[in-house]
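Residue numbering begins at 1 within each chain, and the chains themselves are lettered A, B and C in the order written.
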Amino acid sequence: MTSHAVLGWCAGALLAIASASATAASPPVPPVVYPRLSEESAACNECHREQTPAIVRQWGDSGHFRANVGCYECHASSPSSPGSFAHNGFTVHVIVTPNDCARCHEQEAAEFRASRHARAAEILGSQDNVLAEVVEGNTAFLGGSALLASGCRQCHGSTVRVGTDGRPTPDTWPNTGMGRINLDGSRGSCAACHQRHTFSAAQARVPDTCGKCHLGPDHPQKEIYEESKHGISYAASAQRINIDRPKWVVGEDYSVGPTCATCHMSAASGRKATHNVGERISWNNRPEVSLRADLADLKLGLPDPIPWEKRRAAMKDVCQACHAPAFVEGFYTQYDALVALYAEKFGVPGKAIVEALKKGGLAGDTQFAQKIDWTWFELWHHEGRRARHGAAMQGPDYTHWHGLYEVAKAFYSEFIPEAQALVAKGLAAGGEKAAAAGKVGTLIDATLAGDDHRWYLGRMTPEEKAERARQREEFNRRYVTKSDPQR
Amino acid sequence: MTSHAVLGWCAGALLAIASASATAASPPVPPVVYPRLSEESAACNECHREQTPAIVRQWGDSGHFRANVGCYECHASSPSSPGSFAHNGFTVHVIVTPNDCARCHEQEAAEFRASRHARAAEILGSQDNVLAEVVEGNTAFLGGSALLASGCRQCHGSTVRVGTDGRPTPDTWPNTGMGRINLDGSRGSCAACHQRHTFSAAQARVPDTCGKCHLGPDHPQKEIYEESKHGISYAASAQRINIDRPKWVVGEDYSVGPTCATCHMSAASGRKATHNVGERISWNNRPEVSLRADLADLKLGLPDPIPWEKRRAAMKDVCQACHAPAFVEGFYTQYDALVALYAEKFGVPGKAIVEALKKGGLAGDTQFAQKIDWTWFELWHHEGRRARHGAAMQGPDYTHWHGLYEVAKAFYSEFIPEAQALVAKGLAAGGEKAAAAGKVGTLIDATLAGDDHRWYLGRMTPEEKAERARQREEFNRRYVTKSDPQR
Amino acid sequence: MTSHAVLGWCAGALLAIASASATAASPPVPPVVYPRLSEESAACNECHREQTPAIVRQWGDSGHFRANVGCYECHASSPSSPGSFAHNGFTVHVIVTPNDCARCHEQEAAEFRASRHARAAEILGSQDNVLAEVVEGNTAFLGGSALLASGCRQCHGSTVRVGTDGRPTPDTWPNTGMGRINLDGSRGSCAACHQRHTFSAAQARVPDTCGKCHLGPDHPQKEIYEESKHGISYAASAQRINIDRPKWVVGEDYSVGPTCATCHMSAASGRKATHNVGERISWNNRPEVSLRADLADLKLGLPDPIPWEKRRAAMKDVCQACHAPAFVEGFYTQYDALVALYAEKFGVPGKAIVEALKKGGLAGDTQFAQKIDWTWFELWHHEGRRARHGAAMQGPDYTHWHGLYEVAKAFYSEFIPEAQALVAKGLAAGGEKAAAAGKVGTLIDATLAGDDHRWYLGRMTPEEKAERARQREEFNRRYVTKSDPQR
């Protein structure tokens, strides 16, 4: 490392501390500016502008270029550092880690370290890893599952290893997963959002960047956002939200087109930007039954999590840039009610039935070797989450059609019949199994006899039946024509 | 209400009438311009620019700002008006309704009132309400289903109620559903499309705005549009269609990138813009079997619907900005043929079988308590619509893979076997059920023996079989390799 | 044809040859420039600017306008030419074919002719045509299936026919399918990508244009791209990639936001643009088990296909504009490993089981009349492709959740049980069927007993079981709370 670089890093650290105490309203100061490009970085450019021209051009458009932060300032390494290698007279590493970035951007790195994002690689667990490693995978790719490399770890992050050549092994890199566990022990990849060599804040603020991972059957946040009023506003006004501005405060620098970053990370009047993406999230909708966000963080081993009430208050601060308090309160009342509906009607009783089946030895002990394992997994992990996320972010199609509609369909037309079939099989087996099956059968019957489910047994009250008949009649009058349906 | 406001509203009404008679080609005149911002609105701004800064900035970018139409001009209320409340010395209502907007924009409000959009809250019926209220929901949220608030009503509209505090209850608001039934008896929410405080025409013209509701498994119009040549053109040229222009006539103000609004609502040479979104739609593809649009409107209680032939002629006027007549005729021939194929092969016979099963007491009388209820519902309500909408808007993937492919798969691999199983169960039950089951069995057999379905029974003619064998042979020669499949 | 036009076409041919030898770095020369608009085209405009105003405006914004290439230069025909008709004193054809375009753009037409795109109409075969013609369709639309016109052929291309009026029949046109077989015997439709009358290169470069066909359950390339880092970069920087430039070389004219065209068709340093879209593709992931691209081309009848190794090298040239060699090698290692995993664990054994069932007469001989036909078809044609395409284009959600997760779920919870049920049915039938069933049963058992599948039989080793238990325990500690699930 040259003395130039060391000097710069110290200056950077000081400036980073300075900027950490700036208010949301003051324009951010670049954390470090070098007087000129280092000789080492100039040497890198000499070849790379021919060999990888777009990388050099990306850098040329970046804030790093303007601050004389070049290739060497980030890729410099020492020979004793794992993953370092000699390269045309320099010692470099290919993977830049949060530790490297933190030399200038310490505040952001610290916020990130306190977030669930930093633990993304550790979230791969239990069912998910069985799926990837055993059910979908095998051990043919350097002893592990090829699916991990091209699938799971591209979002969650790999645990980087080096091969005998001292370079990252291809099963662990290329990888920019959010929770990557790096050779220097740090967690994360800043390039997950600030991708490649533009290191752009604007890139991290567009919703598509979050959609790299937050999409799909199990948590379609991107799709929900696109359906929501927020996403619609962005679609109509992406060119007018000054997304390139260093200072980017909603209500000051833009007033339409909120992106994911606006609500979850960026500054609002009286509220600072944060790299802890959970700082304003009050429900964790991941598990079978939603948890308050602080409890979920605690279980993940995050130290000293922010209480959920403070997180909700923080989000409300942001909401109120655009929405009056009654609107915000009303929204949260609706959202909480939907979380409760899912839990009470499907999440809690479904979980109880599955646990009773497993405990009674009625549903096998190899996960995913029985149909009901898939049914229940999708019910909560895919469909039940979609309903809750849909309500959280105002995408009604996801709350209903992709959400509770699918939950209810799976519950009544698959889950309950499959559970009843396992009970019947258990009863037929006699002995201990029959005893266990009897108990589960009683549990299922009690569940279905409750107010939430008795319609399924045909036990609506006469009043309820009359109301349904009245509605059906009115509906049919409008839509159904007996003769000549196509006119 | 101040005299200033009253004066403005009268002027607005006059100007609205004047603008109603303007031709499509003449640039629209703002319906009302006040000489200055009212004192009341100035007082609102005083606080709100601090409290809800983005709202005030949105308004500051709006046409309303330029016309001195401020907070008070729209939110003013009288103490006797339901939902009104005292607020810092003023009487206001939080929900602005089409009646409020119509004081200046009467023509648009009248067109909207004549449209299906205005009846969106009443379309929630029969199966859909059973789903939301009974199957998916319960009564834990102020006596109703939390799903209604976060799901159905966010598109269809709530029936707004006020609580004991005189404010809208959280189960009915926040809500900007298209057919919202307001406290003043009006139907609709102009903010469904002209959202928040920019009141922007451009916002309403972007396809994403329509995609707030017109997406998803049951009517993926947004997705179909995005696949279509129309959507592709928009994706490549959204910046070049002058979407912000007050006058926005296809062929005059832009010639590429048609949006939903272009074809369904906006002006073309010799055709005026309309807020009746059904004015150019000739098929209603909602039911099991498509209906002509005027018949469907009649059933919904819309007075004096426009004949479907006139609607089709109106759409053709728009098509011909970009397409010669032979192209347009050819398209409609293809579309009608697809609607007929779906109806003849699947819609009509499927409906007959379901009705016979229900009439014979063979399929239960609690909707959605049997698997076949879900199967048939998705077949027509999701898959059959996707096929028809795909053909309507030229998204071949939706016509085929998401459409008729799914219809056929469900029909042959689920619907028919499930119906046959119910027949078998009925026959086994003996008595009246057996008699009914015999009749349904005969109906199913006759259906399958027809030309559309006999392939399923293995009854292709020798010529047909030879043709299939020839095609399979040719295909296999191209694609299948016996040895060393990965080379 | 006027002498003016003939002269122009000859000049065009010469210029096209000249431009063919230009290097990627030199700005392209328009292949032909007429000194003035022909009298014939001027006459066309006279009416069409009133009748179809947007077409004329599109043309007015085009390079063709600037080169005085008007309506007549492309639509002129001779009376003996099929599909030609008299139109206000001129003989014209409505469908412009690659032969017409090739008069000025010979190089592009030749590249296209050598590509799979040119054979897209012939790819419709076997299962797909049975689906469209027999399973989903009937013969009610001019003797064929309405689904072909609105579905399959809109991407694959129709075989254009003319009716007794000499005009294209509506079952074969409007159509701009990629492999359209034209009346002049040529294959293709340049308007598939360069749509309508702007004839724009930029239009063909936006990813949405490819997404007209490359989307959906069977090959969601557009969706995968949108999730990928490449698509995310485009979403953030579409306005900064100079997509309108005639010369468009990655690393020279832009350095972020690669589109489909960037990697598959457009120029990079030292690599020319091509209209052969397969020139850089090394795997063909279409079939049950992936094939090397040259072998796949050979089977499609394409003469003298480029070896797959050369194609991969060509793609790597493009990758290296933005990525260092180790990154590119690592990516390909990951991709190849995923292709191998799918093949070894699911593709090869699944195919063997299906073929054994069919050969033994155990699964019917009418395709799609048995459930297992749908199960297996979706397993490889939809889900298995998604996994492979996801890995190819770095969309982890498609590799895993939409891909191998769905493959595994279908394999274990549907395909194997359905195959076992057919075996059981065959055994019960006795005779030859029972003998055949015995053999298939043995094959299934052997497959399941292998290392990739024995977990399903509960035959994990004690070490494997302990590892799973450990992971599940750790996971549960983080996520599952016994009491007060909602806190």
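By our rule, contacts are C-beta pairs under 8 Å (C-beta built on N, C-alpha and C of every residue); 3 or more make two chains touch, one makes a residue touch a chain.
Given the structure is predicted, the values throughout are model-derived calculations rather than measurements.
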item	value
Cα superposition angle of chain A on its copy chain B, in degrees to the nearest 5	120
Numbering shared by both copies at the chain C-chain B contact, with half separating same from different	different
Mean-CA-position distance for chain C and chain B (Å)	30
Sites on chain A at which at least two other chains make contact	239, 340
Of chain B, residues touching chain A in the complex	51-55, 57-58, 61, 94, 123, 125-127, 129-132, 134-141, 145-147, 149-155, 167-168, 170-171, 173-174, 176, 195-196, 198, 200, 202-203, 206, 208-209, 211-213, 215-218, 239, 286-287, 289-292, 295-296, 299-301, 339-340, 343, 348, 364-369, 371, 374
In the complex with chain C, residue positions of chain B that touch it	226-229, 231-233, 235-237, 239, 250-252, 255-256, 269, 320-324, 326-327, 329-331, 333-335, 337-338, 340-341, 344-345, 390-391, 394, 396-397, 399-405, 407-409, 412-413, 451-452, 455-458, 460, 464, 468, 471-472, 474-481, 485-487
